[in-house]
Every structure is written in structure tokens, then in C-alpha cells.
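Shared between the two complexes below is chain A, which has chain B as its partner in the first and chain C in the second.
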Partner chain A sequence: MNDWDIIGHDWAVRRLRRAIEQGQLAQSHLFVGPPSIGKATLALALARALLGHNDRARALVNQRRHPDLLWVEPADAGEALKVEQIRELLHALTLAPVESRHRIAIVNDAHLITESGQNAILKTLEEPNPSVVIVLTAPNTDTLLPTIVSRCQLLNLRPAPVRAVEEALLARGVAGERAALIARLSRGRIGWALRAIEDDATLEARAERLRDLRDLLTAGRTQRFAYAEKLARAEPSHVVQTLEDWLLLWRDVARATGREASPEALVNADQRDWIAQLANALSVAQVAALLRAISQTLQYLDRNVNPRLALDVLLLKLPRLPAS
Partner chain B sequence: MRLSCLQENLARGLSIVSRAVAPRTATLPVLTHILLATDHGRLKIAATNLELGISCWVGAKVEDEGAITVPARTFTDLVALLPADRVDLELNIRTQTLRVRSGRTDANIKGIDAQEFPIIPTFQDAATARIDPTVLKKMITQVVFAAATDESRPTLTGVLTKLEGDTITMAATDGFRLSVRSDRLKEPVSEPRTILIPAKALVEVGRVMGDQEEPVAIGITPSHGQVLFHMKDVDVVAQLIDQKFPDYEPIIPKRHDTRTIVNTAEMLKACRQASIFARDSLDTVRVLVKPGEELEPGKVTVVARADETGDNQSELEATVVGNEIEIGFNVKYLIEAFSAVDTPQAAIETTQPRSPAVIRALGDDHFFHLVMPMHLPKG
Partner chain C sequence: MAEALYRKWRPKTFDEVVGQEHVTTTLKNQIATGRIGHAYLFVGSRGCGKTTSARIFAKEVNIAGLDPDSPRAKQIAEAIAEGRALDVIEIDAASHTGVDDIREIRERVGFQPGELRYKVYIIDEVHMLSTAAFNALLKTLEEPPPHVIFILATTDPQKIPATVLSRCQRFNFRRVPIDKIVARLRQLCEAEGIEADDHALRLIARHAAGSLRDAVSLLDQLASSSSMRISAADVREALGATDAATVRALVEGLIARDPGAGFDAIQSALDQGADARQIARQMVEHLRALIQLKVSRAPQQAPAPMDGIDGWSEAERVELAAQAEKLSVAQLKRAVRAFSEAINEMRNATDAQLPLEMAYLDCVVEPEGMSATPSPQPRVAQASRAVPQVPTGPGPAPAATQPAPGATPAPTAPAGELTYEVLKAQWQQFIREVNAVNKPAAALLRSCDPYAVTGGVVHLHAHHDIPLIRLQEPKNKTSVIATLNRMFNGQFDIRISLQQRQVDLDAEEDPVLKAAKRMGGMVRR
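Let's look at the complex of A and B:
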């Protein structure tokens, strides 16, 4: 935890704070990093630092209701950010601040801005009004026009140390073992961890995905195809999450096949016995092949390969274990 | 908060501030609300869409101080239907609910904490300038129409307002025409100021002013972010456009080859007629100016032609000094320009068919309008 009440990202916070103190804060920023890592939270903290002159202003920033804070994101998660939303924002940015000395625009998931929207915002990014600070967030720089990236001060946010996430969860009163498990599963994405402690469904869904995997390992072709068909119809984000959960589990298995396997090193600590069983039953080469297959399937899905076909192929590559 | 006031005062106040209420699609819910607050023994009613803010004070009998915001639509609609009688307003702080009672009506409206309402500056310090209301109104009608309504060039949606010495100058342009008017302030300003006020906000200032006779005080906030027009019981606050207005001086023609003086009303009528026929030809009209000869007076002919509709031409007498010229215009711009001329006669100054024309109010040197010509098709 640091002065801005942000878990992790100490380096980024220090850099932004110093820039503000020295009056050298850039006007256009781009925060990149994996989802749920705290990009928007950091952007909001920056807004709080610039606009929060008193308790009222800080409270309004936290609720995203400050008149000088312009928060733009897709109306529905994953949908495109419409060019009208961008136009409205650009208009607001031509006006002087209402209450403070700044107007802060936060465009969350800027990679979802349509191309015409990205072009519309270029000029403002290049030369905003003196009072304006713009923060764009995106998973990486490849998803934005290069002309946008080059106009912004880039801040690459990395996952927080698992230890820091665990401490944050403990500080929120989460029991030790659960905190450790969630922290590891989060892979340093603090936003994901906080959602997991608030909403049991996150962990429950993971447990179900692992149960499915367990069943599939002993299942025949017909059942596997049936599962692939069902999964292929689900939301793309659900499919990706499923494969990512499996990937984490097989990585644990790979670790367990190694000679120096220590139980602390496992991400899925709650699945210790099953992981040991799998490590016994399969060869190192088999596990490695499986890890490659899952990663590859994730890449295929990212490139819009037919999900049904990709999943069929993956499920056929799963080893078949005798029913226990 | 507990107070009572008269329904008609409340309804009048609500109608004044209503234009500043944000549409229901606004990102901040509180912008669709109206602020009700006790203020030195009166009721202050305020609304803002972060571009334009209007505050209005009405007489009230205040028993307890306090403030709340209520949904503009619900509250305005309710007040409109109350009897013309005393209205009691009482705030339940715990539930942030406003109880409205009048005659046999007893309503409760759920509000949002007044703390969430953006701070609208009110008139406190000495005025930057003071101006006669009729003068300000005239400036607004003669200039604001030339501002751009298209948001793609935000700078041009503003009206450049210069305060220097005892002179105020307003200028607006949309890239096709330019309207400038200067006039007198009540007393000289202490230092020259130049600000860019959204045209939309000035329209509201003109509307709210009504037939007030007291001078309007103009104040610029210390942050230079807002301009405030202080009128009788009403403040209008406009968020300034934080950009540089184009320097228009260089495009003003230094000389002219032809000066044509027409009767303003006749010219306006000719343009209105022509506009009927110009609808299908991009509003283009042809204006022919012919100097008089020994026995014949000079004349101006406004011609419109559309293949589908037909054609029309109106001729009017004019005093023409200089060369004959044929020049094309967007007739809508001509109509707006001649409507802004409030003297009986107007002067049109031209040089070439491709150079801008200047329209002046004869006898009023403080108004100046420039309009770009349109390219005329051959034939």
C-alpha cells in the first residue's frame, strides 16, 4: 500500500506523484497492462490527486461523480466505444474546468474505441487544453493506433507481487489459506482478487471448470465432443477463462513432475492431491505437450478460429486416464 | 430545510433555470436535478449542465436552512400543477426526501445530496464590467447567429468577447461569415480581458434578461474558467471555451470597389422570396448590382433558380457607387445578416465575385458583417 491507496504499482505511483510535485505531469497518458490489474484504479487515483482538494471533492472522484472528471468506457463490457461518446468527451475537453484547475478524462479500455473515434481523439491527445489531463487504458499497445501510442506518456503496469496481493487480502480480513489461494490464482491481478473475495461465484466457477476437466480426463470421445460443443457456445470470455484455469492447473502438474517440487510453489494449492496423482500418471513430455496445446488453442481463439473446431482438437489431445 | 414560498414564484424560477438542466442521458445523474437551497432568507434555485449554469432567487419564508437536489422533471411538472397558492417545502435529511405540500397536495420527492451538485460560482466580488441590458441584448442578436453550431470546430462555437477601456466587442464566425459588434460599457474596465463564451450560453443570457432595466454586471471568475452575467435575481454562468479564437482582422477587406445602399426591409423581402426557389440549389442566389445612369436609379436584383422548382427574381432600387458586379451568396446567410441590421438602410460593400462582401448598418458604425460569396455555376 502506498500514499495513493493503491496495492502494488508503487513505482508508477511514485513516478506520477513526482511529476505532479514538479509540475511536469504529461497531459496524455496511456496505462497498459492485463485486465483487472488496476489501470483504472490508478487512473482514478491520479484524478483524486489532481482534483481532490477536500473531502467532498475526493468522495465525488471516488464515486466518479466529480464534474471535472470525465469517465468514458464502453456502455456494455467488451462492446465498442462509440464515436459519439468520444465526440461528447472532446467537446467537454474544450471547456474550462468547472470546480478545480484541471479536467481529467479517463478513457477505460481505449482499445475498444472505433477507428474513427481513435482518429478523432488524436488532435486532442497531441495538444490538449492546458487544464486537461487524459488517461487511456488498454491491455497493450498493439491494440491501439501507433499514432495514439506515440502521443501518450506510456506507463506499463505489471502484475503486483503475489505476496502483496495476499497481504492486501489478509488486511481485508480474508482467512489465511483462502487469501493465499486467491492471491496465487490472481497472478497479481489485484482487481480479480478483490472481485473473488466479494463474490463467491468467481471461485465457484473455477472449481466447476476444474471438475469438468477431471471428468473429461476419464471421459470418452462422445462426451468430450459434447463438452466442446457446449463450451463453444458460451461467451468468449468464459471459454478463455476456462482454458486459462486449465493452463494454471497443468503448470502445477508440470512443477509437480519436477524433482524439486515444493507444495508452496503450487498455484492451485487446494488441488494438491489431484495434482500429485496427475504428475504420477503422466510423463513430463505428455504434460509439456498439453501445456503447448492449451496455449496454442488460446492463441487460435484470439485470432478468431472457429471455437468449436479448436476445442474439439484440444479435447482430443487430453490424455485418457482410467476411471478411479 | 424548511420554507414556504408562492407557487407562481417557484414556477417562474423553475422555468428560468430549466434550460440549464442536462438531458436525461447525462453521465452525472445530479445534472438532471435542480438545486434548491436557502440563501439569505430567499430560496435559490439552480441548474447546470457543466456548460451553462443558471441560478435564480425567489422570495421565501425560511424557517430552517438547508439544501437538496431534486429531479428537475418531476419537481417542475409537479409545481406546474399546484394551485396558485403557498407551497411548503420540507427536507427529510435522513432520507434526502423533499416533502412538497400545497392545498390538498402532499408529495414526497427523492433527491440527491446537495453536496454532489457542482459548485456554480455566484456573484460576489466587484464586477469586471457593467453594461446596459438593451445594449447587451442587441449585441447578442447581432453576433451570436454567426457562430458555428457544428461541434467539429469547437473554437467557432464560441463568441469572442473583448473588454477594453469602456468598449465591449463581440465577434463570431462559422468560417463562412463573421459578425462583429462593439458598444459602450457603463464604465471602463480596469484591465483588458478577452474571453471565448459558448454561443449557446449567450442565447440564454438574452432570453433570461427579459425586460430588465438595471445594468447587467459581467464577472470573470478568478480561475478564468467562467463568465458570470449577474441580472436581477438571476445569475447565468457560462463555462469558457479554453481555446484560441482565430485572428479575424486579416480577412477584413481594406477597400471596396462597389458600395451599394439598399432599403433593409426591401432587401430582406427580396432574399426571403428568393430563398423559396433556392431551396433545391444549395440556397445559392445571384445578386446583380447595377449602378444608376443619368435618368435611371441604380438597382439590385436577387435571382434564384432551381431546375425542379422554377425561378424568381426581385428587383429593388439602390444607390450604387462603383462598378457593376454579379456575385453569388448563400441566401440563408443574407437573410440572417439583413435581419441583424436594425437601421432602415444597409450598405453592401463588394470587390470581386470571389472576395468576401461586407454588410453594414447605415448610420451604425459599431456593427460589421462579412459574408463569403458562393461560386456561381456558369449560365
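Let's look at the complex of A and C:
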């Protein structure tokens, strides 16, 4: 936790703060990092630092209703950000600030801007009005035009160290064991961790998915096909989540083969015994092939392959273990 | 609000433009001899000086013939630099893509310049114009009035119609070489009073990949945020790059084929704030250097790979050579491919660590099917936990001197080092040794094949699940391990797994096979 109330990302906060203090803050910023890592939170904190001269202004920024804060994101989650929205923003950025010295534009999920929209914003990014600060957020720089990236100051937000997440959770009164597990499962994505402590369903769903996997490993083809059929009918996001949980589990198994793994090295710390058992029964090559197969299936699903077929194939590739 | 450094230090004369001498000399000569074209196309990747050169050109044609120190020339130069000269019109084609915008230009082109000699239209990001807009521009571009010059600039010449291309003089801007970027950064540092280590500047330049604007932006960011001298560590922190130790640990893990070592190295680098994508990039770069070292005839003279992210020092070259020695080109190729694929996969992954770890795992694991063919390299490096070789007592097991039946000259095992070939050759002998201490265990071992030896761990393939289960029993496991330790003089562990084909075929309850049998099919294994 630091002065801007942000968990992790200390160096990024330090960097922005110092730039503001020295009057050297750049005008165009690009925050990149995986989902739920705190890009928008950091952008909002920057806006608060620039616009929040009193409590009222800070409250307005937090509600995203400050007149000098322009918040742009796709109208529907996951949909494209239309070039009209960008043109509107560019126009708004030519106007003088209403009540403070800055106008701040935050374009959340800038990678969803259409290509023509991205091109339209180029010139403004390069030479904006003196009062303007623009912040774009995106999962990584590859999803944006290189010409955009090179015009912005890049802040690459990395997953927070597991320990930092764990401490933040402990500070919020989460019990020790649980905090440690959630911190590891979050893989440093603080937003994910905070959602997980509020909603027990996240962890329960994961436990169930792992139970399913355990059953499937000893099941025959008939049961596997039945499971694939059931899973293929579920929400696509649920399917993806299932496969991602399995990936992490097999990653731990791969970690546990060969030499001894310290407990900290495992993500699924609560499954230590099972993981050791699997690591014993399978060779590294088998586990590696399985990891490949699962991530390949995720890619297939992303490309709209028939989910039932993709899952059938994947489940046939799962090794069959003797029932214990 | 500070003006970005790359704007503040935008070059104002052709001589200041870095790394594009082939363009600037030609343009200078054209102005000096008065052979000025009416339409130019500047092509090049981001941040290499297209817009800058266009503005300088606009200035130079308008003050040509004037004494550059005269008040008039200075006034013009200033007006153009500040963007308030009425006759230098800069158009952002990306936000004015339509045919109407071009029509507006066409209407105004006919008017004489207000105060300068030439009207210069700079159309930036010109590839974004619509087809209709391009077509509307054609006639004007071919035969503009004598007082008009067009300069089109783009990063993407493929999107420009051939009819436009053929009407312009085309200039290709190159990526700026690393040394020139470093020199320019050094200049800026001196002018701005920024202190920076040479190594830090080199890292910045390396990362910018030929774009001066990227390099200056990064310098700007570092200068405004680090308190004192900019060090290589500051640059790494900003980029999420890791230090040489992580890369070394990963490559050594590759050589030893030790999955755990890589996982640990990756985890600790990420905990220190490195970016998984950067690590993958650094690995690709390092492996590429190794390949180049291996394939080049005179490794000492291979120039390019020596220019790695840290600029290899002499000591590192020696280390590189040692690493290159232990890896085959095929292995390196596979590794480069795995890590490049990981970079691609990270694009969509929520968790960038996983693709990195999987790439590493793929490099460590022998691909299926290759396991039977002995590779020229020692298949497996020695066990990391192997005790130092102390040839006390009876010395190497007697087996080492007895040629195994069938195998012509049996490879001899140096104490403390066991490879797959050695184990395979002495497998029968090994079973006999086990038989002497534990008969049931030996019987179980007859249903197993050695499969691989990695990092002190012997992997066995069981033909069916009985040896798989029974060999895990402490009594059997201990005697197998003890015999291994005695025979091959080390500290070993065993891992047993089922052979894949045994796992899948389950004729009793398999619906496909059942159906096949009913129709008179036969199962072949």
C-alpha cells in the first residue's frame, strides 16, 4: 500500500508522483498489463492526484463524474470502441479545462479502439493541448498500433509479487491459509484476489473443477465423453476458466517432477499431495504434452472450433490412471 | 506540464537528423541546386525522422538563398517550428480521411502563398486516406501549381495506391543504428543535465529497435522519475527486463534438462518485477546468439550476436561459447521456436508466466519418438545432486567391465555420471543385480523399460499397472534405488510411469472397441 492507495506497483506510483512533483509529467501515457491488475485503478489515482484539490473534487473523480475527467471505454464490454467515440473525445480535448488546470482523458481498453480510431488519435497523442493528459490502458503493447505505443510513455504493470498480495489480503482480515491460497491463485492480479475474497463462489467453483479433473483421470471413455458433452454446453467463459484451472494444476505437476519442489513453488498449494502423486505416476514428457494439449484447446476455442469436438479430443488425451 | 523530450529536441536542421544521411544529403543537394520535386513520399518505421525531415524540408526550401543568420530567415524558421506559418500546412490524414478533406486542399492549392515562397503540404499518416480521397488527390499531386510542394509521410507504404506512389519521389528512412541512438541520447543527456550510465543508454537504444522517438521517450520517462544517475537497473525496472543471471540460469537448466531449475529461475525473476514477455524476448536473443556462434565458421569474428541486450563482454563471450558447446543446433532451434511461440501466446493469455514456463518445459523434455535415437550430445547431464566422485571401495560396479550381451562395445560409465545409453546397455545386468537383493523387485523391473535419465532421476516406463504400483512400495523402491546408487556410483531417484499405449487401450469397456469386435474387427497392438 502506498500514498495513492494502490496495492503493488510501488515503482510505477513513485515514477508518476515524482514526475508530477517535478512538473515533468508526460502528456500521453500507456498503461499495459494483464486484466485485473490495476491499470484503470492506477489511471484513476493519477487523475485524482491531478484534479483532486479538495474532497469534493476527489469524490467526483472516484465516481468518474468530474467535469475535467473524460472516461472513454467500449459501450458494451468486449465490443469495439468506435471511431465516433474517439472523435468526440478528440473534440473534447481541444476545449479548456472547466474547473482545474488539467483535462484528463482515460481510454480504458484502448486495444478495442478500431484501427481507424487508433490512427485518428495519433496526432493528438503526439502533440496534445498543454493542459491535456491522456492515459490509455491495454493488456499489452502488441494489441495497439506501434505508432501509438511509440508516442506514449509506457508503464508496464507487472503482476504484484505473491507476498504483496498476501499481505494486502491479510490486512483486510482474510485468514492466513486462505489468504495464502488466494494470493497464489491470483498470480499477482490484485483485482482478481479482491474479487475472490468477496465472493466465495470463485474458490468453490475452482475446487469443483479440480474434483472433476480428479474423477476424469480414472474414468473411462464413456464418462469422459459425457463430461465433454456437459462442459461444451456451458457458458464459454466457464469452459475457458475450467481449462485454465487445469492448466495451472498441470503446471504444478510439471514443477513437481524431477527435483523436490518447495511448497512455495506450487500455485495450487492446497492440492500438494495429489500433485505429488500425479508427478510420480507420469513422466515429464507426458505432463508437458498435456499442458500443450490444454493450451492448444484454449486456442481452438478462441478460434471458434466446435467446443464439443475440441473437448472430446482433449479428454481422450488425459492419461488414464489406476483408481486408487 | 513538461513538453516531451522528443518534441523539445526535434531536430531543426538536416544535420541534426540522425542516421538518415542518405535522405538528408539528397534533399540538401536538391535545395542547393534548385531541383526541387513537387511531391515526396517519406517511408519508414515509427520514430525514424519522417515528420521531422518534412518540417525541416519545408523550412529549408523557404529560406533557400537567404543568409541563414538573417532576421528574415530566423523569423521563417521560428514560425515553421512553432507551427504557425500559414503556408506550411500539416494535415493529419488519419483523422481527416475523407474525400471532402482532400477537396478542401484542392480548392486552396491554387492560391499563392501568403508570406513564403512555397506552400508546403505535409500529409502525415497518409496511408489512412480513403481510396476516394487518394483518387481525388491524384491530379493535384501530378501537376500542382509551381509554388506547391506535397510531402506525404507514412509507416505503411503497402497501403498507398500505385498511382500515388508513381507520382512521388520516394525516400526510404532506415531504422536508426544502435550506436547512433546512443550518441544522440548522450547529447541530449548533456544538454538536459541528465546523468546516465553508458550501459543504461545502450540498453535503452537496444530496446528502441531503431526508433529514436522510442529511445528518447524512454530516456525522458527515466529522467523524470529516477532521482540521480540513470543506471542499467533503472532501465531494466522500467522495461521489466531481467538480469543476465536469470538468462544464464535458464540456459543452464536447458543444458541439464532440469525442469525445476527453470521454474525456480522464472519465479524469482518475476518476483523481482521482471516481465515474462521480456524474459522470453531475452531468451530468444540469447539463444539466437548461441546458434550464430555455433554455425559461424569463425566464432570469434561473428559480429552481430555479440551485440546482445547487455552488449556481451569478453567474459560473457567465453561463457556463451561454453554454453554453445553443450547444446546442439537442433536443440537451440527448438528452444528459439518455443520461446518465440510463447511471446505470441502471451498476447491473449491472462497469465503470461504460464506460456513462458511451458516453453521452457518443452525445451527440456525430449520430444516423443526421439527418445529411442541416441543424440550425439550426452543425452543427459549429470545429476545435480550426485555426490562428488570419490572412487573408494570396490570402485565402479563389475558390470562396467562386462560387455552386455548384444551391445558391442559397452559404453563405460564414469563414476557419478549416468546417461540413458549407459543404463540401457546395462539394463539386464542391473536387473540381475537387483535380483540378488530383492527377487520380486527384479521381476517387476522385467516389465519396465528405462526411458530417460534426467538430473539424477531415472525414468522408467511400466508395461502395465502392476509394476507401476508395486515398485512404489517402499521395500521395492529402496532396493532399486540402492542398487542404482551402488552400480552407478551416485544418488539417484526413480520415477515410474505407464507407457502411453497401455493407458488408452481398454478393450473391456471401450465402446469403440466393443463395437468393432461385434462387427468382426480385430485389435492389433
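One rule holds in what follows: the second predicted complex is superposed on the first by the 280 of 324 C-alpha atoms of A that agree within 3 Å, B and C clash if a C-alpha of one lies under 4 Å from a C-alpha of the other, contacts with A are read in each partner's own complex, and residues count from 1 in each chain.
What we mean here is this: contacts are C-beta pairs under 8 Å (C-beta built on N, C-alpha and C of every residue); 3 or more make two chains touch, one makes a residue touch a chain.
Nothing here was measured: the structure is a model prediction, and the numbers come from that model.
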Identify whether chain B and chain C fit side by side or clash on chain A in the overlaid structures. fit
Partner chain(s) touched by A:H91 [first = chain B, second = chain C, both, neither]: first
Looking at A:R58 after the superposition, I want to know if it touches chain B, chain C, both of them or none. Which is it: first, second, both, neither? neither
Based on the superposed arrangement, let me know which partner A:P67 touches: chain B (first), chain C (second), both, or neither? first
Touch test for A:S131: chain B only (first), chain C only (second), both, or neither? both
Of the two partners chain B and chain C, which one touches more residues belonging to chain A? C
So, A:E99: does it touch chain B (first), chain C (second), both, or neither? first
Rounded to whole Å, what minimum CA distance do you find between chain B and chain C in the overlaid structures? 6
Contact residues common to both interfaces of chain A (with chain B and with chain C): 87, 90, 130-131
If you look only at chain A, which of its residues touch chain C in the complex? 11, 14-16, 18-19, 22-28, 34-36, 87, 90, 102, 116, 119-123, 126-127, 130-131, 133, 140, 142-143, 146-147, 149-154, 156, 158-159, 161-163, 187-189, 220-222, 244, 247-248, 251, 254-255, 257-261, 265, 279-289, 291-292, 295, 299, 302, 316, 319-322
Residues of chain A touching chain B in the complex: 56, 59-60, 65, 67, 70-71, 87, 90-92, 94-99, 101, 129-131
For chain C, which residues are in contact with chain A within the complex? 1-2, 4, 7, 45-47, 92, 94-95, 97, 124-125, 128, 155, 211, 213-214, 217-218, 220-221, 223-225, 227, 237-240, 258-261, 263-264, 267, 270-271, 273-275, 277, 345-355, 357-358, 361-362, 364-368, 371, 384-385, 451-452, 454-457, 459, 461, 465, 468-469, 472, 495-498, 500, 503-504, 506, 509-512
State the interface residues of chain B toward chain A in the complex, per the touch definition above. 27-30, 50-51, 115-116, 118-119, 151, 154-155, 198, 223-226, 239-243
